[in-house]
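Letters are used for the chains, namely A, B, C, D and E, taken in the order the chains are written, and counting of residues starts over at 1 for each.
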Amino acid sequence: MLEIRDLHVSYGKIEAVRGVSASASPGRITLVLGANGAGKTTTLRAAMGLLPVRSGEVLLDGKPITGRPTHRIVRDGLVLVPEGRQVFAPLTVEENLILGGYTVSKEKAAETMEQVYEMFPILKERRNGPAGLLSGGEQQMLAFGRALMSSPRAMMLDEPSMGLAPTMVESVLSSVRSIADSGIALLMVEQNAEMGLEIADDVVVVARGEVVFSGPAEQARQNSSVVRAFLGEAALSS
Amino acid sequence: ACGTNEAGESSSTGEGLPDTIKIMSIKEMTGPVSFAGENSTKGIDLAVEQINEQGFLGDTKLEIDLKDASDSTQEAASLATQAVSDKSYSAILGPGLSSQASAISPIAEKGEIPVIYYQAGSDGVLVGDYTYRVTAPAASYYHIIGDYLAEKKVKTAAVLYTSGNPTLTELGEKAVPGVIEENGVTIKRSDTVSNDTQDFTAVTSEIIKADPDAVFLLLLGPQNPRAVSQLKQKGYDGEIIGMTTMGAGNLETAGEDAAGVVWPSNFSARSEVPSTQEFVKAYEEKYGELPNNYAAEGYDAVWLLARGIKEANSADRVAIREGIAKVAAEGFDGAQGPLSFENNDVRVEGVIASWNGSEEVVVTLGDD
Amino acid sequence: MEILINAVTLGSLYLLFALGMSVAWGTIGILNFAHGSTFMFSAMVAYYTVQMVALPMWAMILLGAAVGMVLSVLTQALIFNFILRRNPDLLKAEMQIVVGGIGAASVLLAIAQHYTKSVPFGFSASTFKTTTYQLGAIHISNVQLVILVAAFGLAGLAAWWLKSARAGLALRAIGVNPEVASLMGVDRGRMALGTMAAAGALAGTAGILLTYYLGSIAAETGDSFLISAFAAIILGGIGSVIGVVVGSMILALAETLVVTQLSGTWASAVAFGLIFVVLLFLPRGIFGRKEVRRT
Amino acid sequence: MIGWYEANIVLIEATFLNFLLALSIQVPLRVGVFSFAGVGSYGLGAYTAAILTIRYDVPAFVAIGAAVVFASVVGYLFSLIVARLNGLYLAMATIAFVLIISVLATNGGELTGGANGLYGALSDLTTGGVVAVCVVVAFLLALTERGPLRRRIEAVREDPELSMSMGIGVVTVRQLAFTVSGALGACAGAMNALLRTTVSPEEINFHLIVLALTMVIIGGSRSWMGAFIGAVIFTWLPSMLATTGRWQDVVYGLIIILAAIFMPTGLLGLVQSLYQKLRGRSRTAAPAEPPAEEAVEERAMLQALSGESKEGVR
Amino acid sequence: MTTTETAAPYVLEAEDVAVHYGGIKAVDGFGLRLPPGKIYGILGPNGSGKSTFLAAVTRLVPLTRGRLLLDGKEYHSEPPMKLARKGLARTFQTVRLLPELTVLQNVQLGADINDPRGRLRSWLGRDRPSEAVEEAIERTGLGDVRNAWPTELSYGMARRVEIARALAARPRLLLLDEPTAGMNHSERQEVSELMQKLRDEGLAQLIVEHDVQMMVDTCDHLVAMNFGSLVAEGSPQEVVSHPAVQEAYLGKRWRSHA
């Protein structure tokens, strides 16, 4: 169970996140929506220990992890798929995956790697080539696969479908769903709201660093303003 | 307008000597050549103490203002400029690095202030009338090795010198081959290394292949023990002949390997010349150790200056220069033995020094 | 033949020295300009120790490695770490790190110059004595043998570890992107300290062996080795262990050949000329990784 | 005042010469070229000027001018040779260039005076002349630190490929940087040789490279002012520290370390950010305004989400 | 060379373009013809060679084979910076802002191309943003962040600066690589509207984007590629209903929608 409680994060004088709360339970997906610059990325990075938290708390299975160094948080069982892929460009695809499994045993890592290769066959094909030469979408797959390698208990995804072709979006999001179903708590920022809403259990909407909507996905789908903002007028009339 | 009064009657003219005469000493007290600065300063201090205690300049005291220029040319030049513009300084005791000295000389000439250098063996250090040097070029006394070569029946030789250093290049290219050939010895090889050469194995192997009776090593201080050890370890058992950079304890780390290495030197604490022994005694008393060449040179520099001041009987820079010129023309006995001057540059008789495995000794020829 | 052995020995010395620097640079991205001073300082501490107690060679090596390790860790903890904390982008901090290293180097050098007065020092007080064996026309000393074994052994070890160990991979990841590496669970601070400790130990070992081999070194010896090591690493290609090995050997061979066959005066000109020419044809060194960058 | 000026004339001159030397590293650095060739040009310039002055007794401006032209041409040709090199590989190639020049000078026989170097290069160069050259150089460089030229230089440094796609001749800019660096380095070297009347091969060494780099990094690498600050510090620091006696080199090192840690943008950057703080203008734009609390929930949300009210974004 | 002032029928023509990296054939015999004042779109699975094709067209990667023409004139041996001067501008798939310039200055950089030597006035005096710059900022909605630094921007905002920078050059041909990645629906809509407005003003555009709905709404013509070569071409409706495209690219969701 991942819980973010009343998080405040500032860049210098600018307070980018002003009291965001969100949570995800094992087996469930919480979708975070919000306009550009709303503070979504900031929230995830702060939860991961990459940015200093001004106030508020992040709990993993009830245990506070706020302020812990990032590598510890990973060992505690929370991972982040960062915005913009961030693969290790000069390392090979396989080395990227091995690094993903840095915190778990070699056997466990080898096992997960097979699953990742199964999910994304192109990665297996390119396993010995440098990750930096993959296309944008291929890199996104790698970033996602790499996060799976640590067999986390909770996972945060920052726009996992960015730059993916529709078929790929489908397969990534459906694997997100099956990952969640395997008992992992998932917090996902996603601009592809239509598909995001389809797999999400809960929705949190952030605007200007604050939560303006929070509730079950069903309710969000019925909330006309949310729908209009994220899916467009067409979705309302259909 | 300078009255050249007789020594002793210090205040008999209108000019005369003030209570203190201030001298700037620009030295390399820190940095890579601090060993030279440290030791020459000890010699300077001893000389000043003697002059002041003896009343050599009457009631006038010499006062040394020690400035550290490390190994920076710019710093040395700047200090010299300060000395020129600060009229309270009467003269400069200059640094040992040639690069610094060459930068100071034109400043001194233009600013009309006398400078006495030690070491600083490059050409172009002494320009004009105001600059003097109390370290004789090794080339000027290197010929004393001739008898040694004859005694050891050296027929063939190899030369290895550091080409990045002006003094050593001059020796390695001209002076030493000249001396060698004059003595009927043939040169089998001549090799060079650069200033930062660390490893001599390759070149020493080649030298040993040529199998010379003697090897002349004309290297920078720290390079000497390495080259000597590596020659010995490769099985060389002939003569090894160097220059003053072998002195001042530089061979200590080579220990036994260096036993028997000889070099012509401008100074050795073991020399029997009376004026040298006088200096060595006073030095040992004050510092509890034997002086090396840098100390002797510092000592002689101060005495040259003091004699010049006394001759001038004035703290005026131009007068002092004329005084020094007079002293230089006559010469005097200093720590390095009898000194004479040639174009402001000192000349000494020289001794052959040797390392016996634990300390420096003087080689006397003919009695073994 | 003997020339070859001498060249390989010199190359091994460059290698021992450059290896630690190369690993730290190629992985965690730290180009430590204080490496040369660390190397010299370790030898100096060992020298002062051996003046008091006559130690055997192995003890001297351990001592030197320990001193090197401590110095290197201190440099990392007190300088580089602070720089990185204030400027997390490794590329942007690169210059700061170089300059910080220059500062650390001048502190160590100044201390050493102060105590030694730049007079050379050596380990003649050690219980170890150099002996030279003669195999046919070839002279080879026991120090040379130790150096050859140590250099190639350690290089092999480093290469294997970086390639196959997970920790080695983590190190390379830090060099690429420290933040993302921490997202993988890599403890950046500890890994960096560990690497610097190993690099320092290598520097210390090199310092001791070099001093045994040359008979003596002086405070400034570290400086000239720094340039040679830098050259060897670049020649071989940054980040490649086999590259440092080859780079060191080529550099040593070139210098040796020039000194013996031509003239020592030209040694550095030829060596650097060679590096220059190699770089013109292989702009990322002999074994350098291609830059992975695309549009 | 006059007394102080006369006594410190060497350091005052050295400040300006070091300024030019620092610029010869900074100019290429600003366009992302990690080149120390300027230090080699320093040597070329020093020897050219000294040889012309000693042999042909030409006026100072002719000697300096010839040195600058010669080194610029060499700099340009050098840029053609190393066109494919980048980053620290390029740095190494330029270090090799510098050291080779030093070796050539050592072995140049009569022309360069060998290991001895050249001496007696007496000329009519004055401190005023040095300052005038520096003022002109600083003015010209200041022009490249504003407006369109600054933008282009930033682009070439940060992202050559992007620059190309925006029509900037990256290759030309690089070549120009090498040429200008050659000119600046030679100018510093030539004037130094003439003021000190000597030049020797030991001067052109690795330490000069280190000094030039340190001045730029600690002063500030983005503006001529940074180079000037660096030159002032590293020219005067040693004599200031002389009072600390035996430990001056240790203190010197410590100061460099502290500067490296606490001044990531150089002293200039530090001064600038302090100045901006004083004026209350942070590097960021105005902070986001507080949210409109009383707004009807539905409407506020809709606006925020749809990005209609953009003023809320920042 | 005489220039007959007959407007070429196509702004951009690419014929049989191939870009190979060793064994990897990133682009392998792909081509298209873009008439003036039209928006063309490229669809294709990840790794099909779209970005590489754009890089080839902008001369940032060497051609293995092929012909490139701008306004009917071959340019495939010209250096990339010449293209910008001929009115070609582009954005990249990854954000590439200059970190030490503000948003405004980043956009100004784009406009500098129309002022190749830089006016002496702007060196000596004030460097006022030109009309083109103000317009680009205005149209991309960056007015409020014009003085911010790139690191302070959210991802979506940074993407807009990229577009503004390209627009500031007042190009005749604009290439956009995934311009709306990381934006939400309404933000995409705004970008789409902007592109259509630009087309109506006569700007030819070539867009790579994975938001199929947006592509269908925005583009006049679609080209689908896979494995570096052409799969289908035609009106948006034709292309999205092409079975090969549906199979390789769109997946079942789109199929059910269409």
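FYI, a residue touches a chain if its C-beta (ideal position, glycine included) is under 8 Å from a C-beta of that chain, and two chains touch if they have at least 3 such contacts.
Per UniProt, the chains are A, E = ABC-type branched-chain amino acid transport systems ATPase component; C = Amino-acid transmembrane lipoprotein ABC transporter; D = Branched chain amino acid ABC transporter permease.
Since this is a predicted model, take the numbers as computed values, not measurements.
K.L.:
What is the touch distance from chain B to chain C, in steps?
P.N.:
1
K.L.:
By the touch rule set out at the top, what is the minimum number of steps from chain B to chain D?
P.N.:
Between chain B and chain D, the shortest chain-hopping route counts 1.
K.L.:
So which chain is farthest from chain D, going by the mean of the CA atoms in each chain?
P.N.:
Between chain D and the rest, the longest centre separation is with A.
K.L.:
Name whichever of D-E and C-D has more C-beta pairs touching across its two chains.
P.N.:
Taking the two pairs in turn, the one with more contacts turns out to be C-D.
K.L.:
Among the chains, which is located farthest from chain C on the basis of C-alpha centroids?
P.N.:
E
K.L.:
Centroid of chain D to centroid of chain E, CA atoms only: how many Å?
P.N.:
38
K.L.:
Take the average of all CA coordinates in chain A, do the same for chain C, and state the distance between these two points in whole angstrom.
P.N.:
The mean C-alpha positions of chain A and chain C differ by 43 Å.
K.L.:
Mind checking the centre-to-centre distance between chain B and chain E? Centres are C-alpha means, answer in whole Å.
P.N.:
One centre to the other, that is 76 Å.
K.L.:
Tell me, which residues of chain D touch at least two other chains?
P.N.:
103, 106-107, 161, 246, 248-249, 284, 305-307, 313-314 - these are the residues of chain D that touch more than one other chain.
K.L.:
Can you pull out the residues of chain B that are in contact with at least two other chains?
P.N.:
Correct list: 30-31, 163-164, 194.
K.L.:
Going through chain A residue by residue, note those that touch at least 2 other chains and give them in order.
P.N.:
Those would be 11, 14, 33-38, 133, 229-230.
K.L.:
Please name which positions on chain A make contact with chain C in the complex.
P.N.:
Touching chain C from chain A are residues 48, 50, 69-71, 74-75, 79-80, 82, 86, 88-91, 95, 98-100, 102-103, 106, 130-133, 146, 150.
K.L.:
Taking the complex as given, what residues does chain B use to touch chain D?
P.N.:
So the residues of chain B in touch with chain D come to 29-31, 67-68, 70, 72-75, 77-78, 80-82, 85-86, 98-99, 102-103, 106-107, 122-124, 127, 163-166, 169, 194-195.
K.L.:
Can you tell me which positions in chain C touch chain A when the two form their complex?
P.N.:
Residues in contact with chain A: 166, 169-170, 172-173, 176-177, 179-188, 289, 291-294.
K.L.:
Report the residues of chain D in contact with chain E in the complex, numbered from low to high.
P.N.:
Per the touch definition, chain D meets chain E at residues 143, 146-149, 151-152, 154-155, 158-159, 161-170, 222, 283-285, 305-307, 310-311, 313-314.
K.L.:
Given the complex with chain C, which residues does chain D contribute to the contact?
P.N.:
Touching chain C: residues 81-82, 84-86, 88-89, 92-93, 95-97, 99-100, 103-104, 106-107, 161, 206, 210, 213-214, 217-218, 221, 246-250, 252-262, 264 of chain D.
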